Amino acid sequence: MKDNMVKTFQEEREKLNRLISEYAGKEIKRFLNLDSQVYRDDILPARTKEMMGLVASLVLRCDDCIRYHLIKCHENGITSAELEEIIAVSLIVGGSITIPHIRRAFAFWRELTGTA
Amino acid sequence: MKDNMVKTFQEEREKLNRLISEYAGKEIKRFLNLDSQVYRDDILPARTKEMMGLVASLVLRCDDCIRYHLIKCHENGITSAELEEIIAVSLIVGGSITIPHIRRAFAFWRELTGTA
Amino acid sequence: MKDNMVKTFQEEREKLNRLISEYAGKEIKRFLNLDSQVYRDDILPARTKEMMGLVASLVLRCDDCIRYHLIKCHENGITSAELEEIIAVSLIVGGSITIPHIRRAFAFWRELTGTA
Amino acid sequence: MKDNMVKTFQEEREKLNRLISEYAGKEIKRFLNLDSQVYRDDILPARTKEMMGLVASLVLRCDDCIRYHLIKCHENGITSAELEEIIAVSLIVGGSITIPHIRRAFAFWRELTGTA
Amino acid sequence: MKDNMVKTFQEEREKLNRLISEYAGKEIKRFLNLDSQVYRDDILPARTKEMMGLVASLVLRCDDCIRYHLIKCHENGITSAELEEIIAVSLIVGGSITIPHIRRAFAFWRELTGTA
Amino acid sequence: MKDNMVKTFQEEREKLNRLISEYAGKEIKRFLNLDSQVYRDDILPARTKEMMGLVASLVLRCDDCIRYHLIKCHENGITSAELEEIIAVSLIVGGSITIPHIRRAFAFWRELTGTA
């Protein structure tokens, strides 16, 4: 059973994305379009790109971005052992200032993987 | 009717500002003073300066700062169409990592403008 | 009496630290180890190092890190007058974008010192 | 006479832009396209958008971005008195950590405006 | 033939690393040790971890870190087509503020791959 | 004998500070004033405040700010052993992305202390 944290995140995200769509002009729409295209399977697999998106989100310390990429990593079959290494790299690059985000990332992951 | 998000933000902000005042010494007080002076009408109008404050807050990704400048932009007659362009510039400069803040900015703006 | 904000923070932090421990491999564990060693009394006293940890957390704008170092500063006997100067330096270096974090830091400190 | 700093910057920038074009695939090209469109005259004039681009570059502390927007601000007729206010806002938001970039910004501006 | 930019970078880096070693105490040495261990082949291959190190360096905008990971990516057989996609993801996440670093990254890569 | 790196830094800094003074209006001047006052001896000694300024500069990764505070730390009698601990804290908080700045900080310090 998926827990509340994941569901709440996804519902809130969808609601606010609809809101962006209402306000967005041509440039914002094009950017959002690009933002989804850039993670697609191409020379590098989507799986690798989602890992990269997660690393970027961790070192830039954005919880919502981290959650989004954790969901995509999970959908792309990334394992808990792989996640641990992604987080280790991010922690070493970004330092202890990333720890609160890492704590919340593991809590979210635990819900995602149903091991809570 | 103004919604809860705006009112809650303003009340919380005032309460905490009173708290800063209690603790603040000479330097902090001078800085806070400067912080309000710098947005005043002078060579550039306050309206333009509030737009600049909003852009800075968006690319530095500070929700409370974004909300404060959204309120000031609204008071200075900035329209939703203008806001959309301010956000487009901020999004292009700051990248997808700013998107969660932009989502929340539009939700706050909608309340401010009474179109929720 | 210690207020809820401090207690809630500490309980949440401990719960999530246990979660990190479950997932953490060798590198993450070593980093967390280093992270506690680096603030110990050595050439510089722990007290000075906790002040430095607080300044770093303030300019990097991480509320959880700020709270953690406020607790450690309090345990190391840092006074409200000293805190005010630490925050003044951080505010001048980091600019008005740090103000929302400073507001929350003073609110947390007030609870810690029982002057709320 | 335009000084060396401006000319060197522009030549280097053009050379490296040609290099990006050689490597860039579809997504990078689209982003670069968006990056030039977003500053065009629309609801807000290009002049205002260039000021916003400059503020964003200053608080994010990117010298090359600052120089690029200083050139565009100059082309859009922004005066030294206006620039001073743009920089004052950026300094208050971004703090003393922006000062080295502000020093270099004024040096570049002086060359641009031929008052060196 | 490797060009000057790469050789100069590596010589400067080695010289300064020797300098760090002279000053470094136990904690700094342990961190540097961790920093090299975390990119080793384990559950995820070193190749993937170097890509992640590059993404982190790009979005955090550190030229020296970018150069170091470009060298490691090249040693791990990453192709120019793969690099282009790594950079595309970093650009979308980090925004136009990363462009000057991307320009310099491609210039460095061109030297590394001998296609200058 | 003081080496070139320190002398060059100080001369460049003074030249550019004179340039800021020419352009600066009331708010920028007040900020620069505050920026020097905040490090003065008060409840906390200048020596401690300079250490805090150095930590802030290291984690925010500004080479010029680091150099300025290294000079001030040296003037305030901070030893190489103390500097090593200041840097260790900064490295743990800020992560490996700070390493290139730490390398340059030690090179500058070596010149300052005449041990080059």
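Here the chain labels run A, B, C, D, E and F in written order, and each chain numbers its own residues starting at 1.
Methods note: a residue touches a chain if its C-beta (ideal position, glycine included) is under 8 Å from a C-beta of that chain, and two chains touch if they have at least 3 such contacts.
For clarity, every value in this text was computed on a predicted model and none was experimentally measured.
Participant: Could you tell me which chains make contact with chain B and chain F both?
Facilitator: A, C, D, E
Participant: Can you name the chains that touch chain A as well as chain D?
Facilitator: For chain A paired with chain D, the chains in contact with each are B, C, E, F, in label order.
Participant: Please tell me whether the contact surfaces of chain A and chain E are same or different in residue numbering, using the over-half criterion.
Facilitator: Same, since over half the interface numbering is common to both chains.
Participant: Name the chain pair with more contacting C-beta pairs, choosing from C-F and B-E.
Facilitator: Between C-F and B-E, the larger count of C-beta pairs in contact belongs to C-F.
Participant: Round to the nearest whole Å and give the separation of the Cα centres of chain C and chain D.
Facilitator: One centre to the other, that is 37 Å.
Participant: Centre to centre, by mean C-alpha position, how many angstrom separate chain D and chain E?
Facilitator: The computed centroid separation for chain D versus chain E comes out at 27 Å.
Participant: Hey, how far is the Cα centre of chain B from the one of chain D, in Å?
Facilitator: Roughly 23 Å, centre to centre.
Participant: Going through chain E residue by residue, note those that touch at least 2 other chains and give them in order.
Facilitator: If we look for residues of chain E contacting two or more partner chains, we find 27, 31, 34-35, 38, 56-57, 59-60, 65, 84-85, 88, 91-94, 96-97.
Participant: In the complex, go through chain D and note every residue touching chain F.
Facilitator: Where chain D meets chain F, its residues are 61, 80, 83-85, 87-88, 91-92, 96-97, 99-100, 102-104, 106-107, 109-110.
Participant: Quick one: in the complex, what on chain A touches chain F?
Facilitator: Per the touch definition, chain A meets chain F at residues 59, 91-98.
Participant: List the residues on chain A that touch chain E in their complex, please.
Facilitator: Per the touch definition, chain A meets chain E at residues 34-35, 38-39, 42-44, 48-49, 51-53, 55-57, 59-60, 65, 79, 81-82, 84-86, 88-90, 92-94.
Participant: Within their complex, state which residues of chain A touch chain D.
Facilitator: 27, 30-31, 34, 37-38
Participant: Okay, in this complex, where on chain A does chain B touch?
Facilitator: On the chain A side, the touching residues are 13, 16-17, 19-20, 22-25, 27-28, 31-32, 35, 56-57, 60, 62-65.
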